[in-house]
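Going in written order, the chains are labelled A, B and C, and every chain counts its residues from 1.
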Amino acid sequence: MGKLIVRKKFLLTGILITVLLIGGITGCSNNGNSVNSSANKNNSTVNNSENTSQEAEQETQKISLLNVSYDPTRELYVEYNKAFAKYYEEKTGTKVTIDQSHGGSGTQARAIIEGLEADVATLALAYDIDEIADAGLLEEDWESKFEDNSAPYTSTIVFLVRKGNPKNIKDWDDLIQDGVSVITPNPKTSGGARWNYLAAWGYALEKFNGEEEKTKDFVQKLYSNVEVLDSGARGATTTFVENGIGDVLIAWENEAYLAVEELGPEEFEIVAPSISILAEPSVAVVTENAKKHNTQEAAKEYIQYLYSEEGQEIAAKNYYRPRMESVAEKYKDQFKEVKLFTLADKFGSWRDVQQTHFADGGVFDQLYEEINQ
Amino acid sequence: MKKHKSHGGEPKGIKIILIGISVLFLVTMLILPLALIITQALGKGVRAYIEAITDHYTLKALQLTLLATITAVAANTLFGITAAWCITKFKFKGKQFLITLIDLPFSISPVIAGLIFVLIFGRNGLFYGLLEQFDVKIVFALPGIILATIFVTFPFVARELIPLMEAQGTDEEAAAASMGAGGFTIFWRITLPNIKWGLLYGIILCTARAMGEFGAVSVVSGHIRGKTNTLPLHIEILYSEYQFSAAFAVSSCLVMIAVIILILRNLVEWKAKKSR
Amino acid sequence: MAHKNSVVPGFRLTLGITLAYLSVIILIPLSSVFLKTADMGLREFIDAAFNKRVLHAYGVSFISAFLAASVNVIFGVLLAWVIVRYDFPFKRIMDGMIDLPFALPTSVAGIALTTLYSENGWIGSQLSKAGMKGSYTVFGITIALVFIGIPFVTRSVQPVLEDLDKGIEEASLMLGATRSQIFKKVILPELLSPILTGFSLAFARGVGEYGSVVFISGNMPMKTEIAPLLIMSKLEQFDYEGATAIAIVMLLVSFIMLLILNLLRRRTNKFLKE
């Protein structure tokens, strides 16, 4: 008897599992595509009668955007998305929900290229968006689509040190002293780390009047002081802050401020070097995806609104340097004065930089090979 | 089993030393990390803990994890039974090769496991055009997450059943077959009762592993908050948002589920021994 | 047909389903890796898969996985022995805990271990007093891999130990054999096959492990950089060929190892049965 009951139970479980399996698969494909299928319906309406496309969009009154971004912008976009949704509904009557995805800048760019259907890409560097353009998902001249090279907010590279600055770190020169342990992420896996590297390189170029060899030695010394080379910017911050490794963290300015704010002003200090790089995180509409979802207008508006006063205020509040004069003036005291150079000043284009410095066998790899010899 | 203990044991000293070393090993390697997770989780108080685990995105992630786990486990269970039947009840060429193939996902780096699905179903992949036509999304959506989970938990059930069914041989099944019983009848009436505890154990391990998978799922998920974030991915996000105690709180949740599963496993084993 | 010797039905059906499922889930996806590298020339492949830095990363991955698997053999056998042979309080809890590393997300394990073993962690602070470093060294990587691999050896040895006939041991004891002799001559040969299985599973798992190791390794090129991280870093540079080249080398090594192992195990089984 007992055995029979057990057997029946097994049978029942089996059936249940199968039902769940089928249900799960069909259910999920519906879930996953709900956004698209509604967008696609719109699409077909567009095709059938182009005149009514406007009405079709009004009928839906509900759209959703996917913003694929890099790690340090999480807090920024949580706030900005709320503000934008409110603004957009007031302006057009359409409700917009914005989904966020964060990760390393390169990983995220790759995900978009592989088919993550982002409407908007807000990444750490222009190079990653260039790659998306190369894949044919957006225009080659994306940088000219919005003001300021499509970089609505900027940042720079600063140092985070432990309270009281025990190693007395004031400028880049102090990072190459013996006995100073430096934390920075790996430029090959992290977009932010490339800005760090280039900032150091730019400083040394200036210092040695453009002499390549001396500059290389300087940067090499710096990297031989690096104790942990995390794979991403956030990882480096936690290594420094949580695990107590290292004397100085080279970080995005916004990241450094955020870390101090979140993790204790009584424990850390920000030191601004004399010269640093003007980091310009780029934004773009992923045109092909937006076309597919019929969200071009909203996606464009989403980026455009970053340049508005409200958008700039939110950026400034999250420690990004705003472009708009009036907002910059208002938040002037928040940012330390640093002499900034741009990528174009010292290095030319991102593609050149990538090729000479970060590609396999490039300058960065050479530095490490020599360090280990 | 218990009858052995009364006689033939080692000297007491050795016994105590051996137990001591094992306990020490488990404490440093397993208990301390767990203790750390739990103390960190409660670092900001019980209320923060409850807030963290009842957060909207956490619940969404939990839902997704459960769905992916159940589907993957169901698929692998059905497969495991079929594969074990085929491998243990018949002799054929290439059996070792087949067993090795089944083992393979154990040893494939999760990174590669995720990558391969992106390579075939991604926008530059072989099947993208076809999928596009039917408006089906695989990578960066739920099916991709399920596939990656299936891949990494692939061997568990089969691996558990093969040695068991091998040991039991085919005599009973052969006898039933010669009396004219059909395949399914033989399975339900003869094989299944013999392997049910092993099967359950395999399912439980498979479930545990499926819930915790991080690497492979991370590659195919797309990390869309509230949509394609599983619980392990959500933990990583919380961690990199500097919400350390929330990250550990959600981790402790997973740990608790794991512990419950493992307690179940022990019950299963205990019952299995009793029924022997 | 090969299966003539069996009257049990279902060969075609089950083999068909097995092969189909295997193809869809494992073989077709894996073949994509090979297709991707087919685009590159042999020269490029060798450049990508065997340059100095990559070789070093294989070294770190394989050595730390080997060390970790060895540690797990010692403690795995010990744990299995203690659980099967002795009775003591909380034994059942101990038994249950062994599977925990399966269930814990590797990233969580990585974060927890890094915190524990870094200089201001519970264990790391003790280590640093002794002048040792835990996190961000090859030692740290090995620790993470030991954690990941705990269940493999224990779980393969345990059932065999349970089934071992104690009669032989008792008989040899009566015949005057010492305990260490019994262990070497009677018990160890029986355990060889499961130990081998457990070792290779733990080893293979360790070689490919990514989630927990990136946190604890520090990722220093030529020092603590592991092969899976290099795959990720190649992908980050949109270098698919480079990434898949490394992936192929790792895949082949794991596959060959498992194959040898399965054959070896069959041989030892046969040998023991004869």
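One rule holds for everything that comes next: contacts are C-beta pairs under 8 Å (C-beta built on N, C-alpha and C of every residue); 3 or more make two chains touch, one makes a residue touch a chain.
Here the structure is a predicted model, which means the values were calculated and not measured.
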| item | value |
| --- | --- |
| Chain whose Cα centroid lies at the greatest distance from that of chain B | A |
| Chain pair with more C-beta contacts, A-C versus A-B | A-B |
| Centroid distance [mean C-alpha coordinates] between chain C and chain B, Å | 16 |
| Gap in Å, rounded to a whole number, between the CA centres of chain B and chain A | 33 |
| Chain A-chain C separation of Cα centroids, rounded to whole Å | 35 |
| Contacts with 2+ other chains: residues of chain C | 115, 232, 235 |
| Residue numbers of chain B (touch at least two other chains) | 125, 239 |
| Numbers and ranges of chain A residues touching at least 2 other chains | 113, 235, 242 |
| Chain A residues within the chain B interface of the complex | 3, 6-7, 10-11, 17-18, 20-21, 24-25, 28-29, 31-33, 36-37, 40, 66, 71, 74-75, 99-103, 111, 113-117, 135, 232, 234-235, 238, 242, 258-259, 262-263 |
| Complex contacts: residues of chain C adjacent to chain B | 2-3, 5-11, 13-15, 17-18, 21-22, 25-30, 32-33, 35-36, 75, 78-79, 81-82, 85-88, 92, 94-109, 111-113, 115-116, 122-123, 143, 146-147, 150, 162, 166, 169-170, 173, 179, 201, 204-205, 207-211, 227-228, 231-232, 235, 240, 243-244, 247, 250-251, 254-255, 257-259, 262-263, 266 |
| Residue ranges of chain A in contact with chain C within the complex | 104, 106-107, 109-110, 113, 131, 186, 188-189, 226-231, 235, 239, 242-245, 354, 358-360, 365, 368-369, 371-372 |
| Contact footprint of chain A on chain B as seen in their complex | 67, 70-71, 74-75, 77-78, 118, 121-125, 128, 135-137, 139-143, 146, 188-189, 192-193, 196, 222-227, 237, 239-242, 244 |
| Chain A partner contacts - residues on chain C that touch it in the complex | 48, 51-53, 114-115, 118-121, 135-136, 214-215, 218-223, 229, 232-239, 242 |
